[in-house]
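Sharing a structure here in structure tokens format.
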Amino acid sequence: HAEAKKDFKVAWSIYVGWMPWGYAMDNGIVKKWADKYDINIEVVQFNDYIEAINQYTAGAYDGVMATNMDALAIPSAGGVDSTILLICDYSDGNDVIILKGKDDLADIKGQKVNLVELSVSHYVLARALEKIGMSEKDVTVVNTSDADMIAAWATPDVTAMTTWNPMAAEILTEDNANNVFDSSELPGEIQDSLVVNTQTLKDNPAFAKAMTGIWYETMALMSADDEAATAAKTAMGVASGTDLAGYEMQLAATEMFYTPQDYIAFTEGNLSELTTFVTKFLFDHGLLGQDAKSPGYIGIELADGTVVGDEDNVLLRYTTEYAQMAADGAL
Amino acid sequence: MTRVTVENVWKVYGDQTVLENINFETEPGSFIALVGPSGCGKSTFLRMMLGDEAPTRGRILIDGVELEDEPSPDRGVVFQKYSVFPHLTALQNVMLGLEFAASPFTGRLFGRTKREARNASLDMLKSVGLTHAVHKYPSELSGGMQQRLAIAQALIKKPKILLLDEPFGALDPGIRNEVHEIMLRLWREEGMTIFMVTHDLSEAFKLGTRVIAFDRVRNRPEEQKAYGATVTFDLKVDGKSAPPQPPADVTLAAAAQ
Amino acid sequence: MTRVTVENVWKVYGDQTVLENINFETEPGSFIALVGPSGCGKSTFLRMMLGDEAPTRGRILIDGVELEDEPSPDRGVVFQKYSVFPHLTALQNVMLGLEFAASPFTGRLFGRTKREARNASLDMLKSVGLTHAVHKYPSELSGGMQQRLAIAQALIKKPKILLLDEPFGALDPGIRNEVHEIMLRLWREEGMTIFMVTHDLSEAFKLGTRVIAFDRVRNRPEEQKAYGATVTFDLKVDGKSAPPQPPADVTLAAAAQ
Amino acid sequence: MRRLINRRPDVASRFGLMILPFVIVVIAYMVASEARLSVNPNDKLLPGWSTISDAIERMAFLPDQRTGDYLLWSDTLSSLTRLGIGVAIATLIGGIFGILQGLIPYFRATFNAFTGVLSMIPPLSVLPILFIIFGLGELAKVMLVVIGIVPFIIRDLALRTAEIPHEEIIKAQTLGASTWQIILRIVVPQMLPRLIDGVRLSLGAAWLFLIAAEAIASDSGLGYRIFLMRRYLAMDVILPYVAWITILAFALDLSLRLFQRIAFRWMYRGN
Amino acid sequence: MRRLINRRPDVASRFGLMILPFVIVVIAYMVASEARLSVNPNDKLLPGWSTISDAIERMAFLPDQRTGDYLLWSDTLSSLTRLGIGVAIATLIGGIFGILQGLIPYFRATFNAFTGVLSMIPPLSVLPILFIIFGLGELAKVMLVVIGIVPFIIRDLALRTAEIPHEEIIKAQTLGASTWQIILRIVVPQMLPRLIDGVRLSLGAAWLFLIAAEAIASDSGLGYRIFLMRRYLAMDVILPYVAWITILAFALDLSLRLFQRIAFRWMYRGN
């Protein structure tokens, strides 16, 4: 059912790499680009990341900020054909395994690990254990709400934790907290992306163009080395509940894709290998659906058109088409 | 003037027969006092008169027409308690019946009709001696005043029949006498038929033109369920101003269980 | 045998004087009937006798010793309502007083002491005619039975003084007569002093050896607050079996307000 | 020695006793805070008074750097608006359904079991469905409050309505009232104060659901702020917010009670 | 035509009316589900019956691949244990404080205002402090339930205790009872059934807090599972879990009521 529409809603939640969306909404960048293409775009902030993805999956939103892993496990596994329009950043140290009083990852054996179950943290833990020849069977996972990580750390019961920034940074200021593994050892595996409904995208290229325009204009603004950039980053820091310094610290653990070229170059790298790590994790945890017989149950179409996994069940796609337009100045 | 005919009325709750085979007919303008031991079914009988309950067998006729099967303004009632509305002042309580009749949708009157209803109600309150309390809420009135208010409230609808269920049972003896006088006067003026349930035999004989007693005839335990109370005596009282002496042949058993 | 002396007792609530200048002394073994209009302070007086309230001025002496300032077992009480404990059977209600005395910590008796308390209680229940109902809960008893139970419960503590606040006000006339007889018998047997508040003058004269009426003397609105009720008549009744006729010189005003 | 049960504190000691537990809590907090701060001067869990008062000043009396709002007040406005609308809707629905359910046998037969079952469902567990049905704007938050408290209000009011003495209903009918007139002139006026009682009883739950809704999808409100700050364990902000919510809850309760006293004098006249 | 208020459905139509709203809800669900599934056969929001019954079979009757547990039952056991312990503790504390607060003037003067304030604090907002005091294990979850419902139970019971007719207390004293004996023999036995009423009224809140606690830090329990499944919008699991919680809540309520009837016959004898 091909139908062009005028009103679009995109959901985002507070995370270092996505703060620019809020800034763009507050400062007229969204409106400017929407007007340019004669559409309306509302960028809506969610307090709860999962609720944002659920809303998108249920069809209430046209786009959402999500990691590649969650995009695959929630909308794609739920039959909603989704496209990664652009990758905002990848986690380069934002996700951290922290041990209390110990400084070697191997010491995690036998401990209870507090983390948000089935989230990126869980993935980082699984990958880290894999790297040192252990598996999840060697630890006990305790599901803990992200909002309570810091308070949880302060209790004596909690000795091991996997979480992300800003909580991780906050916890690491404690003397007994040691970073034993972080996502900088998994470069590119955790991609924070703008995910949109594939059908909507097909029917409304203007929407994709506007979103791409918004993003790279905001990126240009904040990556410059001037007062405007500082002001923008200060605003983003405050909006996420910290300040400029805190926000800069989080940015340091994030590989932002400030330009379309960064993104395009990334997709031309080992993306297909990276996705297999993710699909394996999801398959192992039963998150590809009850019908999934192999990690490749859901096909993932890369930017160059190749498909990882089942070609007949492609439900997640990467596209660089619009980033390329941005790179070419064609928006 | 109204004639009530009770024909072979039975009332059974589940497997418990409460009343059996009640038969009588009243003269127009009678004041019937109903007496009987506690639990014998006096209130049940009044509820049937009201149309709140239906007889299990038999029927009740008013002027030859069978009773409506739900309460209606031709049969007013005064209970021992909860007879007036606590959220309305005395005046509002009395006006209520007039408002219901004249204003089906809002249940309230305005302007001239309201003034008329108000005046009629004030007259009625005056005749029960509540002129000084028209703007008080029931919780501010004494028990006797509340019962007088309840009577005024019922009378303003000019019911053909007035049903009273132990209306004065909770009052002090002195106050009770006062209310008796008012009651008798209103009864004479309005010419309606009154049924009054009471536990007090002297009250029954003082007010009633006829005293009817309900009682169970069969009282052995195994008979308790199957048999109910019926009319055990029925006596015309002549000369209403006679002293409140029960006639010698009437046993007190009916009032004391 | 107990002598109660009431000396110049006043009771004031806030700025409302309820009782003023009450003075009398009772003979040992009296049965005092207290009458008076509603709200005149009869219950307040009983509460002071109980020690539940303190007199604002004056004092009450028992055999020359000032009252304890809280309820104690030498003064038993029966109220019109809530006099027995709904969660205990008749027998348990009566045993309770014995258990309190003998078992400070658990409030319960076991073994032999329990059997003794039980037998004493059964005797007491028998003397008020409740032998067949010893294992029933109060909600299963009629009003008259509940009041007899309350009396038994109070008497088992052998109080010097028994205080009754309209104990029979809610009972049917027939039942009331029965309980009167029981009451008189127990009073004679136990030889205690009884204070009974009642609204019913004939009851007062039937049971009392002395009838004391409280009433306000000054009733003008501006005097309402400053002046309370006091003793307006005080009459010895001789010959307890005399018919319940109030003496000619006593106005009924005290009972009817 | 009088029995403990008969001893009553005088006015002065009553006041002293009343503030005693509060004083103890404050002292306990101070001691614990002191202890933690002496180990780690940057401890965020139990901040000292000065940190807290700084935070209060920042939130309540200085404009936010980003938006220029005074955050405490704009959060309060958002939350109270949602709460107010939610409670108002719940009161309206609860009032209508409660009265009909308590009064009309056919209505009761239809809805009694249904509201019973509804009241047993924990609303938090059906949040995703609520958000889909009501979208994610203000409506969803308001509706969570409504759905959270309306079954209670209905059931409470239906019980109260059924407690109206049967005599009153009969009496009204002998005065010629129709069902509609009975509802309008007899039942509603007597049930309004009870409805307020029901609303007062459910205010606690209403706050709970409001905070839960704001925690999940919102960008302003007291609950939003608390959950945002929890990510940083900024107890210096959270504690004053909690205290503020408590004060607001108290004030709401009090004003409902006052309103009840003033609007329904008949309940309080006489005895 | 009789007035609507006087018309009563007979047994058959009463039953029909009772199930009517449930039938309507089920049909509405089926229609909506059908509509969504026809657009996207993998839709997770409103799964069809077969998907749901598969999920029920998987959760209730097949062992989990990873742990070998039957998840529904192990979750139920965890949750009911926590709920049971929490409610039991709250009942004990609420019983003791409620009775003392209702009966002893000095106690009331000390704690009345305090429990009033406590009951206004939304417990979810002070979670970090609870974690510090009670850790993050089972204790914390149980304590959240306790703290969530205990102020209500105390206040409810204190009110009920204060409603015991003054005459009874006086009478007990004239029978020679000390304060302790009054509590033991007069007040406690009469308040136990009321306490059960209070507990029944607070069961809804108890479930809510249990679910919230399990959502925050847990590795089993009904609330844990619902919030974990929420991550994947697995409504095929969430809906049966919600239904199951509703059934459990009903069963608990019913068994408390039955217990009350059996244990406190004196309340139900006679009239």
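Think of it as A, B, C, D and E in the order they're written, each chain with its own count starting at 1.
Heads up, the rule we're going with is that a residue touches a chain if its C-beta (ideal position, glycine included) is under 8 Å from a C-beta of that chain, and two chains touch if they have at least 3 such contacts.
These numbers come from a predicted model, not from an experiment.
Among the remaining chains, those touching subunit A and also subunit C are D, E. Spacing of subunit A relative to subunit E, judged by their CA centroids, is 38 angstrom.
In whole angstrom, the spacing between the mean C-alpha positions of subunit B and subunit C is 35. Centre-to-centre spacing of subunit C and subunit D amounts to 48 Å, using the average Cα coordinate of each chain. Looking at subunit C, one finds that residues 70 touch two or more other chains.
Multi-chain contact residues of subunit D (touching two or more other chains) are listed as 3, 6, 45, 127-128, 132, 173, 178, 230, 233.
Subunit A has residues 54, 58, 148, 150-151, 154 in contact with two or more other chains.
Inter-chain contacts occur between A-D, A-E, B-C, B-D, B-E, C-D, C-E, D-E.
The touching residues of subunit E, counted against subunit D in their complex, run 3-9, 13-14, 17-18, 20-22, 45, 103-106, 109-114, 117, 119-122, 124-129, 132, 152, 169, 173, 178-179, 182, 204-205, 207-208, 211-212, 215, 223, 226, 230, 233, 235, 238, 241-242, 245-246, 249-250, 253. Residues of subunit C touching subunit D in their complex: 69-70.
Within the complex, the subunit D residues that touch subunit B are 165, 167-168, 170-178, 180-181, 184-186, 189-190, 264-267, 269-271. Put simply, subunit C touches subunit E in their complex at residues 50, 52, 70-73, 75-77, 79, 81-88, 96-97, 99-101, 104-108, 136-141, 153-154, 157, 159.
Interface of subunit E with subunit B (complex): residues 2-3, 6.
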